[in-house]
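The structure's right below; bear with me while I get my questions together.
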């Protein structure tokens, strides 16, 4: 029952792939296969919602392609969980967003959490996501004010700033758990922890890892015929209603009708 | 201080434009200029979130074009308020969604409201919007289960079904106000009310009308230099940070860099 | 379709009327007529709830008189929105409170807001109002600790204190928008902005202006026969049930039966 | 340590006093003294908010008079809790509203509650009160659609209708406790229970009784010097700031300055 | 109608009994009889939830014994309100927890409250309780970081630390009322207030006192046949369904079947 | 990295073990080892909270024993999630409750959920749990009104009643997902689905299965050194503070000090 997972780095460039590879693969089950890909021909950052919106469209296409290629589950590697809920409308394999997955597993680590993300532009959007997702009490959302394109050039700097910010945020909000609301911060800190062999005595959750665990679980259920997602409302599929219209829609907008 | 408003019908076809024209223009202020346009080369319905996502991208481009053409405000004519919040990131003119505008003016009409939309696929999404928007208590969200492409062929049938549903929803939820959570239902009922000269003794709110009133007000404020939207977070503009990147992003994705 | 609006300064004295006149009239539409009046024979401040309660009774009478005099809408010029919801029970023209109007339009300016009012006595009451109104997330309510009778003697001092407090409140609460929860603070700051020609680069909302815009919109709707407020519950009218009892009630309490 | 309580029937007429006397006095502690009075020269029902507003002003005066006459606590006998929170601003004795008192004691009787009040006009207002008060989960608010002036002429009819409605409301909302959100319904049912000696096997709470128990407790605390209400914000007293202004305010509005 | 109340000190030792006696008895009504007992053969602190769980089992037995001994009401003297809601399932006399009783009476003292408890371990649990109980707005939960076994050796130190913390918590949260979320802190401060005759000019609520007042009220109602608790759901009794099973359950677990 | 999981059936009897075995084991990963045990010397049902409380104490001991025996994770097989959060205080391996695990994974299956449990006594308690857990919107909690001891004698009858109730609950609440809030209902329905090979076209979630998936994931993380639960507050361990006291506490209460 080995599970094949496509981790889609949505940032429109392969430059983040190695960081994810180094920091994620060792936490997979031995029989899990992870393929890390990235979106193409789209913005290389999701710093603004317009970029995010374009990226999401490509993510949706990549998710459909992953299903066609036989993957059992997909992770979209960004804590905006970009395109994740819409993608569930399109495919029959589970689609996992790192933020949602982590928030829902956070209660095993502490009573409530604070969210630390990359820059201030993300803060209000993540406030909305925490409201929509529910889960344990989110006591605050804050950021380290780095842009993702800078992070990849100094992952150690990111890790250090993030740790300092996590401590400060925890003290200020008196939350018990810190959720790293940015996959590149999470990977940067993971890399630093691996490199320095620093002890993991603080409860700071790596959103990539939890996305992986959720993807393995849901991938199992998918293979066992237990991913019987409700298709009567929120996740009703456009293909079911009118397959040819769905193809036309894509063509009309200038996207390849055949994935 | 006359205000020029672009009402963008987002459904990718001009077939709804006349209905809006007939049912909206008479409620504008005498000095308000309304130009009704529609999105092009995109899905002709927003029944699924994938369609919605594509349409939103075109809406954002149309909103940017409207700003360049000197409009003072834009209405996006669908109760998903599609692309509205992201579009505010992109332009300096106010962007109005009919649902948000109506909910925020509903307290003048009654204590709480029930939302009646087109079909069951929209219900969970509108539940989320009412949660994010806030406003007076939303006592329920329900639908008449019509698709928009059928509505335009029988606006009278829509009106009659909607009135029956509004009464039922009001009785069941004991809400005081009914908000019509679909611009085409709202226009169909308006047309029927105009045609039959039926009395307006039920508090059923036409979301197009409230969008218009909100657009006039915000258009005034824009012209008076009072639309000083906060650009430090949620609505921070990508163009401010890196204008050339913004152009490239659009080009890269195959959209015209010059609007 | 010109709209006639009665702005009722509720503070029981004409001393605030000029300040409102100077800071509000220029934001009206050219065809809007605004008449600024004030309550009489009642407390000259609303610093305590007892005062507020008396003032509200006079406001209700003034609102009924405004309707008789043919006004299309009424603004009650205080951010307690004093008597506003009860007054909607009494008349068929829209009654606007500055706080409610501004909160409901705040989402066009930013993701969430902080409320800055006059003194600490108002803070818990405004907390309750923000809970009842709903609207975008209110991240905090705070004050500058001035009494209204002092403000009118030093509007510049008020403006400066308020700006400092707005910045501090925004930083502390990390809200994006500041709503000035006191019409006299709002007018004082407006006057200072006009006098000094200071740039409006901070998103601090003048509650009087938004009340005006809401009044113009609802006044339009009233004139168009679209202010079909629900009379079945919250806003059911006492006059409808028993007109003579309503007159008696007023007489019995020693208020003029004929307005 | 006997406690003297003034039960103010706020309805502007003595016709309800006997009903309260018959149904309340026997539940007082032996050493509690209860004096039942009624407001005068004001509306004789609180069916509309305008009436309520006038009545509240008289209630506040009656509460001040009760303090001067040495009462240890006051109950305002209506489930709108009319004037109760404002009256706490004015006096140093506790002021009890039947609705608030009962909601706060309801958790001893069951997990959640449904509120059954007199007529539909009261429903939205009570919804707001339950939101402001907090307390256990209110699963619904409904009514029997009687006016108070009819009730006093047929208390048995009221009792029977109320019991039927309580059962129906409980079944529909699946609440465990019914709170009678109208003091005259509560007294009518109490009278019927006493007269018929019917078993009290349903958990339907008489709001008068809980107001009495709360008044006895807070009256005790007052006598023991433990009613040290916070005077720094919500309940700050106008008399403290400026005693002569407070007297003038009352005189100016045509109310007796000396109570 | 004198009421007999059993105050159960749940900490498994008599060392706290005198402190409660000294600080509580004088606030009882003259005809109230209070018997202070303590749990036995169980942990002597409730610092951890495991301890709490064991203590709760003994509390439930003590509550059943209190009923058999003819008490009219029981107070469980700890602000975890340990075992209180489960105990209501077992007996027909009211069972009072100090935290719940105080929160529900706090609105008479101010608009909102902050909770000050003993140590940081209790903070998240009390956050949950305030969420479940409802009541007025809880603006924060904080602690003085003392363990109960240290407190009894230095009640004056506790009182002084608690007062300092209350002031700080009030300032930070801007709450109006402080609820002492630990009965031993509350008693220590009461003792200090009595000993020093310090004025009670700060609104800091002694949770023991409010539990007593609530117990007297509910004890009265019990004696009057008005404690008709709902036995259809949350408080349904195991003894009703199967009396012999209930006895066996206790025996099987090694607890005395006869109390 | 094979994971060893102890599924503790908490009902105090082995009679349910086979049902769990038949319906759960086939969904485990091939390398997962599941050992199904049951509590002993405790109540054989959790129909009342008193029973639950006793059972929880035994569950906690069983969880500690499971840790000593080298299990990597524990599932407590009842949807009250009995003793689960307290047990996390005691051990360093993850402790999973079926209800919490399922609610947190429900958003992958639909927008919101309705909870169907065994009997009406459980309903209010589960309402509280859904409030504390958070997660997606719980639109209602309802039950089939069976007792667990009857279920095991007629699992087919349970399955049929549960399916009928799920459909009804879904229609009434308009929720998209049904969560079976009782592990024995869930297993009964699973058995019926396996036996009849009925299609799984309705989104009814088996809480045992989700508990298993969550246990596998957290068991993985535990083995990888990534279960760094926060020990500073809610999950602070009593053993850390005072190991001998912890042993004494257990001894004093008559429980074996050595597990």
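Which chain is which? They are A, B, C, D, E and F, in the order written, and residues in each are numbered from 1.
The definition used in the following text is that contacts are C-beta pairs under 8 Å (C-beta built on N, C-alpha and C of every residue); 3 or more make two chains touch, one makes a residue touch a chain.
A quick map from chain label to UniProt name: A, B, C, D, E, F = Asp/Glu/hydantoin racemase.
Just so it is clear, the model here is predicted, and its values are computed rather than measured.
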| item | value |
| --- | --- |
| Chains in simultaneous contact with chain B (Asp/Glu/hydantoin racemase) and chain E (Asp/Glu/hydantoin racemase) | A, C, D, F |
| Fewest touching-chain hops separating chain C (Asp/Glu/hydantoin racemase) from chain F (Asp/Glu/hydantoin racemase) | 2 |
| Gap in Å, rounded to a whole number, between the CA centres of chain D (Asp/Glu/hydantoin racemase) and chain C (Asp/Glu/hydantoin racemase) | 30 |
| Computed distance of Cα centres, chain E (Asp/Glu/hydantoin racemase) from chain C (Asp/Glu/hydantoin racemase), in Å | 45 |
| Approximate Å spacing (C-alpha centroids) for the pair chain D (Asp/Glu/hydantoin racemase), chain E (Asp/Glu/hydantoin racemase) | 28 |
| Residues of chain F (Asp/Glu/hydantoin racemase) touching at least two other chains | 111, 123-124, 128, 137, 176, 232-234 |
| Contact pairs between chains, per stated definition | A-B, A-C, A-E, A-F, B-C, B-D, B-F, C-D, C-E, D-E, D-F, E-F |
| Chain D (Asp/Glu/hydantoin racemase) partner contacts - residues on chain B (Asp/Glu/hydantoin racemase) that touch it in the complex | 111-112, 137, 174, 176 |
| Of chain F (Asp/Glu/hydantoin racemase), residues touching chain A (Asp/Glu/hydantoin racemase) in the complex | 1, 27, 29-31, 88, 94, 96, 100, 104-105, 107-111, 133-137, 176-177, 200-203, 206, 209, 213-214, 216-218, 220-221, 224-230, 232-235 |
| List of chain A (Asp/Glu/hydantoin racemase) residues in touch with chain B (Asp/Glu/hydantoin racemase) within their complex | 12, 41-43, 47-54, 56-58, 60, 83, 85-86, 89-90, 120-121, 123-125, 128, 131-132, 232-234, 236-238, 241, 246, 249, 252-254 |
| Residues on chain D (Asp/Glu/hydantoin racemase) engaged by chain B (Asp/Glu/hydantoin racemase) in the complex (per definition of touch) | 123-124, 127-128 |
